[in-house]
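Dumping the structure here so I can ask a few things about it.
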């Protein structure tokens, strides 16, 4: 019998993930049927007290709600969570900052992920570089955090400016917000990768979850 | 006989350009032989008192110097100028701002072009967004100009920040400075095209001349 | 309390924009809900007499009309405007030229933006370079303007031809009109960036608003 | 024994080409050694009275000159020709037009190819769209040709304008002349493919030979 | 009053096109309203006996049918034609060849365009290079034509093979048929541009009309 | 009369395919009407005992079912098969492995194709490299196969790891599963093409059929 | 002590490769110093009787020759081989076919790799699709092989044609030969990936080694 | 007088960086002259005890050595360091892992940066996924680190595998090592951005410095 995973045929659920990687497996909803998601969630919840479905559709949500009464729907973030036990809160905060109003769904995916993993989130919206006074006004809240996640579309300039203001790790999330030469987030992605701000690291376009996972790993290290 | 140009076989020199477009023809040096450049310059100087060769090589410079004693070599800007008469200075300044030290050659191409066309240039170097205090310190000099040319490589974020600080037209010049995901200036170009700063217009990568030409047209309008 | 903006949670409305940048903040409709747009408009109209919503949907329009009786719907331009006071008209005109009939919506976005900011617009449609006699016939109307905005899809050749005919700043707007190797406006964008016409500056694909904003800044300078 | 070609091991020389395609095989020099080129030329000249080596280096030229006393070096066009008999001239001309001085090498590759295949060439240089009076001045010479080859770099706008002026087939050759967003000829290539001028057909970047070959086929048809 | 066109405000109909370019103006339907198309058609039919609307929708067709009883709907080709007089047929045929069944709509756009301009079309479908015996079987029909239009998606290899079999001009039309690394026709487009077959010229992806227009110009030359 | 194919006008069915290439022609459903597919299937079944329609829609399925009672619908694989005789099974297995649950449709297209051509398939799902213990657990099943088809989206890393574990040919199929910088399968495609695992060969994005066809050819060779 | 590899600090030589993957480790020369290559070769030759260095420079060759007297330099293929024992020859041949003379270096890398692994190679050069009679003349030699490696630059059409002629696995190698829209091999790569020929699998641009490795695995299977 | 920086004309040295961002300014050598670098280093060393020049040339090194006797040259890493005082070592290690021998220069840039900022580095080379036993053998050394930097070219698969083995933050550095479809590091970059391993963050191609800076920030947090 194979060890460390449960084989459902269409999926091999990694039940050993928390031991190896520090957090239980998360279900990436895109391209899965509602039945598959519920079945995977059931396996995870045999060993874990929380489960997160990212990129969930309303179909996914309805199926999860029917199966797990504790399930919650985070509509803006497109996430379903089941928290049978609330994990103990880590010390310190993680700032989730976004450049414009349209970037909020990606920022919320990050925030929901962080919270389900026991982190305290400081949400700051609409501080893009075209109005620097708005950014400078929140400077202390940024520096107070252990990690800063910066979510931005269009030219993706915000992480460079933030990295020059704080001494904490900055994780940049490009979003697909924009049109024309934005090319579905490429402009923001390239801008963040070539940032003149030292120490900016980058995740995939619209990948709020990935940024949150990395930030949670860092915050756990800061709490060790 | 054709009117409005002189036919040299390999080139039809546009001797009517100043009447139509406000400035005499400029010689784009790239891909031309030194002999061709000198021949074109001779035709232009029959009607005009100044000539500019952009993207000039040191070969071009030597040939121009041998033919025109007044010729000057702007090495950093890679330009040769011949000014038989100094054009009267227009009122007001044009700021040429660059994000990093490596962007200076492109900024100098813009500055030399502006000066040969009768503009006063305010040069400001190394005010990239990773150290916002350097940018904020020059804020008044920027607002005092009639036009602001912003030259930046890497993620090209500076025009967005400048556009949010001043009420004057901002012309952005992406440079090919950088490596990796910069892709020879594409990151900066896309960043400037998708800028969240209203009213930023953009020219080709490394095109200091083009930005200067547009700024000179605007400054002439402001002097009308 | 932060200064220079009003914090709505999902947006920090930049109430200081006109002082810094010369024009009040404009609402970019894409990716915002109707409720968010109305709330932002309400904040802007506390200090300003006009507001512009660009990239508006008919949902946005209905919500704005319900809240602001003076609201107007510019359907072709996809804009909503509220003008409580008509701003005084600046001297001079701005020409908005387009290459083909299909480029008209982008040209209208520019024209509506210019008018709300107090400019007089000269509209000229369908003068693409495949029928040069049509372009040559409007030559004087172009030269009479203070700024020329040129809107073109497909190969985006029109700005090069216009720049060779006039002495005024030319702002080029590539459109996504076309198919195949047009690649959603890339062909026109690259054509405009590499224009052989001196002094052409470029904005993002389909960005009529951005071209108009820059033209309005230039026209104000010409009126100073 | 295989028919219709001679096998040299490293090459199978297509000795049947003229019967099938109307013109003898041409030697594409790029990536071949001087020895290979001479060997292939020897096979072709057993059956044909002319041979053309395109994209030749000066090494290729020296080896060809040593073997074939009649060989000629067209330096600007980077071609070697051997004409043991001059082919009879076809009626009518083919115009080879280029937008700028830097496009001349590609135009010459076309012109040399056309001449070796018995066509009369009308060369017209430097009529780019930024000075339309230069183009309009040669309008009759263009219409007088049977085919018009238009060579242009940068934004590649010239074929659109030419196609709107003449009733003859227009073959467009994008060149790699330019920098930045030209991307080695992509801007010109896309501009020509999306041309608003009806009936423009396009060949590869810098492919003067290909345009000439197609034009020669058309001219032969016009002479039939 | 301007000469050579009729100004409808949203369009300047080029009534001088046939004199300059040999064929009357054609209406490109994409992005135009049904009302605009009918209005333009009315202007063209004042001077011409035929009109062609390409890239027409069924809405366009219904509006044209209501206005012009002679209108015909070519559904596969997505074209509407009005022929008040049948133009005299030119001598010779034009072959329209396609690689696969899915390429037929683009081939039909070419065929309908050719027929409305007085050419006789030889249609040949499904002779892709993966079954060379099918191509070799039609070899004589190809050589018998004055021009060969080759329509192909996927890797776009067919024009290379055809060009090696015939002595007539080959015009290649890449189609967007395929998936994955086809990238909406880019694979076929690049394949055709880099064809090892001499004299292949290329038009835009899916541009059956453009290929037909060029072929009609060539055929008229052959009939001169 | 042409030999080796049946001409239906819209298609030339290659009835000689099995003799030349070892397997009968397969019908690629994309872009064909249901009527065309049924007509082609009828021609193939005159000579062959099985037919496969790939990329079939439910419309295609209904039309095939109405005509051929033996037709079967493989919904996940989007294939229709008609097997009038079951082909004899070849010795040995072919492993079809996929990295994630979302890659299963492409894997099923490969599996159904393999089975209709007489191969025994070993299906293994969800063994992506982020949980190497799952991959190592199936190592012997992989090595036991004659060929391994590896289907993966996102970064496409699985074929590299598999190639380092087995001595059998590995055929990699990138899928379009993913988002953002996946660019519709480009990330996986490039990853597989640049694999550090020796001997990995690659097919088009989502091309389960192509991988299966190549694997079937190899397996037949192993059975010879 | 770690098992299955020898740790040289800068490299962990995989001494277990032949047991797992069927062939000993091969040294990829690009980016390695001559000293590193010799050191790795020494470790491999402790257990194996042959070693292959691909992408070798003449520096690499000199260092290898100084250390291993049996070393041979395959200049066209840019490979160094050391064969202390000649491996027994497998039954059957592998055809290595190339489209043009310039593709020979890549084809030779494949041929040298195949020979060092005990395969018999059938070399066929210059059978591109623009002269189909040359390809048809070698048809039987192709079908006689167990595997066909097809090497082609430019549009990469040859694998499609070959796949339609033979029943054996076809492995396609795109080369970077060409210019302009070839984009360093992208045109050929995309053409091969989207081939209409069933069962074509593809390796990286210029990757003769990779194709040979896969072919050797298949041939071993055919010999099992 | 401006505060927080020293203005050298060509550069505004950010003397306030350590207070804001935790580490003193680092000199990016690319595109700067040796004189500029020495001048900037002099300013930094007035306030700081260490300085790092990245992307240094041997010219830069000679100029630095002439000015600062303590300067050291890290040739493989292309870095110059001056350490007047050795900074106190932080607790814990940072693992710098690379996939292949050719990736070592980028890994060394990271290692040198980390060491100058007071971190202890664990170097692990050549553990690419094509030989998983090499990676599994170092598993404990990876988990023992506070942060893991993974450097890989080609398909960039290593970070995904590492992220599945450890619970610490993984920072991925794509390198430009490879050829063909690697496209100068794009394949590795896209592979890392779309990694199936949770929590992988990415920096620019070849940006060893950036990864080290982020890792140093995280390690300082872990030491707080």
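A, B, C, D, E, F, G and H label the chains in the order they appear, each numbered from 1.
Here is the rule we go by: a contact is a pair of C-beta atoms (placed from the backbone, for glycine too) under 8 Å apart; a residue touches a chain by one contact, two chains touch by 3 or more.
Predicted model only: the values in this text are computed from it and were never measured.
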By label, the chains that touch subunit F as well as subunit H are A, G
Just grab the chain with the largest centre-to-centre distance to subunit E, centres being mean Cα coordinates. H
Whole-Å gap separating subunit B and subunit E, where each centre is the average of the chain's CA atoms: 44
So, in whole Å, the Cα centroid of subunit A is separated from that of subunit H by 26
Cα centroid separation between subunit B and subunit G, in whole Å? 51
Where in subunit H do residues touch two or more other chains at once? 130-131, 163-165, 180-182, 189, 193-194, 198, 204-205
So the complete set of touching chain pairs is A-B, A-C, A-F, A-H, B-C, B-D, B-H, C-D, C-E, D-E, D-G, E-F, E-G, F-G, F-H, G-H
Give every residue of subunit F touching subunit G within the complex, in rising order. 20-23, 26, 146, 163-169, 171, 189, 193-194, 198-205, 209-211, 213-214, 216-218, 221-222, 224
In the complex, the residues of subunit C that touch subunit A are 2-5, 9-12, 14, 16-17, 30-32, 36, 174, 176, 184-185, 189, 204-207
Mind pulling up the subunit G residues that touch subunit D in the complex? 101-102, 104, 125-127, 130-131, 133-134, 137, 177, 179-182
With touch defined as at the start, can you tell me which subunit H residues reach subunit F in the complex? 99-100, 128-132, 136, 154-157, 160-161, 163-165, 178, 180-183, 186-198
